[in-house]
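In order of appearance the chains are A, B, C, D, E and F, and numbering begins at 1 in each one.
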Amino acid sequence: MRPNDRLADQIRPIKMTRHYTAYAEGSVLVEFGNTKVLCNATVEENVPRWLKGQGKGWVTAEYGMLPRSTHSRMRREASSGKQGGRTLEIQRLIARSLRAVVDLEAMGEMMITVDCDVIQADGGTRTASISGASVAMADAFETLVKSGKLKHNPMKGHVAAVSVGILGQDILCDLEYVEDSAADTDMNVVMTEDGRMIEVQGTAEGEPFSRQELNVLLDVAEKGIADIVKAQKLALEN
Amino acid sequence: MRPNDRLADQIRPIKMTRHYTAYAEGSVLVEFGNTKVLCNATVEENVPRWLKGQGKGWVTAEYGMLPRSTHSRMRREASSGKQGGRTLEIQRLIARSLRAVVDLEAMGEMMITVDCDVIQADGGTRTASISGASVAMADAFETLVKSGKLKHNPMKGHVAAVSVGILGQDILCDLEYVEDSAADTDMNVVMTEDGRMIEVQGTAEGEPFSRQELNVLLDVAEKGIADIVKAQKLALEN
Amino acid sequence: MRPNDRLADQIRPIKMTRHYTAYAEGSVLVEFGNTKVLCNATVEENVPRWLKGQGKGWVTAEYGMLPRSTHSRMRREASSGKQGGRTLEIQRLIARSLRAVVDLEAMGEMMITVDCDVIQADGGTRTASISGASVAMADAFETLVKSGKLKHNPMKGHVAAVSVGILGQDILCDLEYVEDSAADTDMNVVMTEDGRMIEVQGTAEGEPFSRQELNVLLDVAEKGIADIVKAQKLALEN
Amino acid sequence: MRPNDRLADQIRPIKMTRHYTAYAEGSVLVEFGNTKVLCNATVEENVPRWLKGQGKGWVTAEYGMLPRSTHSRMRREASSGKQGGRTLEIQRLIARSLRAVVDLEAMGEMMITVDCDVIQADGGTRTASISGASVAMADAFETLVKSGKLKHNPMKGHVAAVSVGILGQDILCDLEYVEDSAADTDMNVVMTEDGRMIEVQGTAEGEPFSRQELNVLLDVAEKGIADIVKAQKLALEN
Amino acid sequence: MRPNDRLADQIRPIKMTRHYTAYAEGSVLVEFGNTKVLCNATVEENVPRWLKGQGKGWVTAEYGMLPRSTHSRMRREASSGKQGGRTLEIQRLIARSLRAVVDLEAMGEMMITVDCDVIQADGGTRTASISGASVAMADAFETLVKSGKLKHNPMKGHVAAVSVGILGQDILCDLEYVEDSAADTDMNVVMTEDGRMIEVQGTAEGEPFSRQELNVLLDVAEKGIADIVKAQKLALEN
Amino acid sequence: MRPNDRLADQIRPIKMTRHYTAYAEGSVLVEFGNTKVLCNATVEENVPRWLKGQGKGWVTAEYGMLPRSTHSRMRREASSGKQGGRTLEIQRLIARSLRAVVDLEAMGEMMITVDCDVIQADGGTRTASISGASVAMADAFETLVKSGKLKHNPMKGHVAAVSVGILGQDILCDLEYVEDSAADTDMNVVMTEDGRMIEVQGTAEGEPFSRQELNVLLDVAEKGIADIVKAQKLALEN
């Protein structure tokens, strides 16, 4: 039995609070159960140097964890003098996922940076970041449309992500920390709102996994992502 | 006239939300108007190497700003590879202020680290950090008393802080960003709950200031700090 | 038509030169066509500090590219002062893949570090690194068995990896650089020699991919990996 | 009784040696008793990038301690790879203090950097740095006036600084190291030559201090600074 | 008796493999016995910022050791975050040596960077690097001549280097690792092909050395370098 | 004609001021004409970790230049975050030179660190550093002998150094800056007081140099070093 009597393929309660902070062009506090990530989207009217003069835009992301977002305190990356490998890996994943649903040509020479800062970590912070960042980015683009700087919102649809895993005999959706740390296989799946895949990253922490298990993991992920997309759309309607 | 019709010696509305996050031994979201700082206190049952074997405890602090806590995005310090001079200066100030109200001998060989992370910045983040950290630290010490690891709470009282400044002809308490950036003189005052001074840091950004002006600044600070101490006590009673 | 008339599901010619350097306990130059990676395995008779006293061993990996392994010169990471995100991501992947086929308990308190240094890069350097490192690690373990420091080789079997991708309408195995840089989807698959999966990392660079495409990608990867495992076994027999 | 029979409100013997080194536009070795700081002012005919095109000048400062300026050797900051928080705090203070007495508009697009390097440290290095740097800066501006690059010296007057403190029952001026390390309260005061305040930084290391004590501290500081300004003027007359 | 029955003034067998990698404009694997260094020369059609607009070219070099090029594994410099003093010293020496035989004016505003990466280290890696880099640079210049970007090869001749040393009573040429680590005096000599000196760097590790010993060291070095120049010319003829 | 009518083989006026600062166990301000270097020797009663338990001592050195020791201001290395290659090269040279005249076994497990900080640079700072550091180290060892921590001074004699060079047709001793920057060949020679060589580092900046020129360079260096040794002995007699 999962914590809080969750079913194997059931995601945690999702809450998306838009306009959580006052200055960012898009600001969403996303909660998956006890995992809480603040996603702030910033618009800048220029692009990185290597992209200048091509008429295209860019979307990037940064990720960080507050030192005491976790059960025991982690060292602050600003103090240790560099971002760790895990942090760099996650922020590259978030950025790729966001760019996959944006028409960069249609953006013009603008840049959106989405900062995903983990306030509280109970598993699935990278997938929550992607799911929340998609909404924050949508708000940022709407700001640009309202101010006349863009004619249309260049997003092709939402992007959402979920973690799935194999824990003993069970294939579970949206693992929380106690499940994640005990799982044999952990997989992060990022999809467009129409159910196509942007990223699939599966890792066998213990036993290798089979094609058949992979298929069930993806079935479960598809269902979970469909629920997350619903939550994204609901949040943007309010 | 100040924004929101504030009087010259009036502080902004204060809100202190305890237990804001789930894992820290003390966790307070402190708000002074639009300035919001999350203060998480962590207890560790050891001390820095240079203090080992002396039977004394230690209190330290770290400070950071989320990249988009500000009107325009700041570069993430973890990404630029070091904490800037302003950050180091502020976290040293917070730590000294907290230690001033703790009996370190009575703590035994324990350490408390208070992380002050600015969620939204509208002026006065360092003084809000001190005022909120005092409450988070109090909660952390209570945790240790309840678990039997300490017999008594080693805090000698609260510590609170406020910024005051000279803007044109006016001497103002608890400056918000638009006031702070236009002020001629900016002063941060840290006091114990019984009204004695722990730190006084006044800087003339424009014209130098006189002894008489300094006296009015301190009068105004004393009044503001008395109000903050009331808010701290109220928060801890709930 | 692919370069050198390769079939869509055909891997490049593989060459594995053991004992390529003289001092490492295992040293393999692995070549996949024009991609050449030197994999040196080092044995140390201690473990990282966090693992001490548990009676277990550890396997780790580092990855680097010579500055002119690529078409245009890349900046030397030692000179720029840090390893980039891509490097950290790849060396974490290599290390996880190697650990997945080793019985760490059976190793005792020993550590193997495999350095994968790219001499020439023509696509697929991370998968070539994994495939070559498996052989270098096998040689290192044999050294320990021969010297009596281990009773049995603690490897459970080989690990091999290949990249697959979607380029236009085609699903290709073992992409070389010109294919890789034009592909819509790029997937790295790491498997045990018995065909179970250790890592699956698929990324849509252009269009998202479907479940059906994912299935063909994995079919192609399985076939390619079977050929690589044959090459690994052949190399170790000589 | 203080060392060398100093009175409570008496500063140490001051010595200011101008033209101490040969190449800097202003070069002053300032001595307060055993504290010796070399202040070298450099003129550059450009400004930091963020100030370009505004027709204004800039004054900045850097601070360092020779490793064996202190009783026991300190680690060289160049070797440890960064300037510590204390160093950054001090050099920011020196720079603000110097800018407070310069008409930046009247400078035109020029920059003065004053390097304050501590040759021997016996307390009060930051205040000695400010007091000496004011003279070195004056010499540098005179160089510019003599060469015709500036019409008038843009300094509005001298800036001088002193430390004061509470040691037991006594309120002392210009603390040397043995006094400073035992003091309950330490305050650095920076004033213009006409007696107005630029910076006031008081810290209770032990017991908090009262308004009344603060007033006596400032009285003592005013008197000390008046003596330092006399020494500055005398040095420049020679 | 030296290893492999070498005579005191005899260099190790030299092998120079040109075009060792495919992309560099010059690529030479140089072997002195068991010492193997890969020298890759890169042409870039611009110069460092400080040289722009002067119509001159530049030649620079970087040096690195693969972590397991040595008997026991060295820490990877990219991972430790900086190049050590020895590395910086060596790459400055290589670069100076190469520039000494190039007419920088005749190059025009081009830059050549030679990366010397040690594959296997058995003593004399810096001198092998210089000797191999000279050939790689020659190939790079030939590429520029063939493509019409330069009219003539601006090299004035070859540069070659050898280490010599005093081991007990013997003065030896081209020391290998076991000799080098036991030597009292170690000297690196860099010469032009016509026998004039570019660099002489002699260090007494144990006993100081006399003028007479210095003279014999240089005699032996001259002879060794003449043999190396022959090998360079032979390699370029093939 | 050389500046100040110096003869070709004549060194500049030397001044060695012992006890220049108050806290270091040895403190010498050494001046060669306008070149001024402060050499502070620190005694510590422990050794680096890699040497512990061997009963031997260690001597090391650090080198730095004050930012405005030079004609135009150099960037402070503490601020740029690392010591440059030139700095590292020089401090390694100083340390090797000092160790060459110390019986490390006789020192016991003690360490001497000599900090050489350049106050004013007019050529020859590294050789002045060595010559002054030898005297500072002698004073530090005398301190240990006087306090009974060592029975005998473990120095085998003095070490001194000088730069020599070829400028046009002239071979000059102890080059000052204007000579050094115009010289074709620059050579630093480090010798024991009995005239044997510890280091010889000659570099052709322009034309390569011949064996005959090298011999004259060394003749001139021997003479200059004999004069420096006299100055060292004289300083220690006072």
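Couple of notes before you dig in:
Basically, a contact is a pair of C-beta atoms (placed from the backbone, for glycine too) under 8 Å apart; a residue touches a chain by one contact, two chains touch by 3 or more.
On a predicted model such as this, the values are computed, not experimentally measured, just so you know.
Steps from chain C to chain D, taking the shortest chain of touch contacts, total 3. By residue number, the contact pairs of E-F overlap by more than half with those of exactly one pair in D-F, A-B or B-D, and this pair is B-D. One inter-chain figure worth recording: chain A and chain E are separated by 51 Å, centre to centre, where each centre is the mean of the chain's CA atoms. Separating the CA-averaged centres of chain C and chain E is a span of 33 Å.
Under the contact definition stated at the top, the residues of chain A that touch 2 or more other chains are 82. With chains as nodes and touching pairs as edges, the resulting graph is a single ring in which every chain has exactly two contacts. With the ring opened at chain A and read toward chain C, the chains come in the order A, C, E, F, D, B. Residues of chain A that touch chain B in their complex: 21-24, 27, 34, 36, 38, 40, 42, 44, 62, 64, 66-71, 73, 76-79, 81-83, 87, 113, 115, 117, 119-120. Residue ranges of chain A in contact with chain C, taken from their complex: 82, 84-85, 88-89, 91-92, 96, 100, 187, 191-192, 196-204, 207-211, 214, 218.
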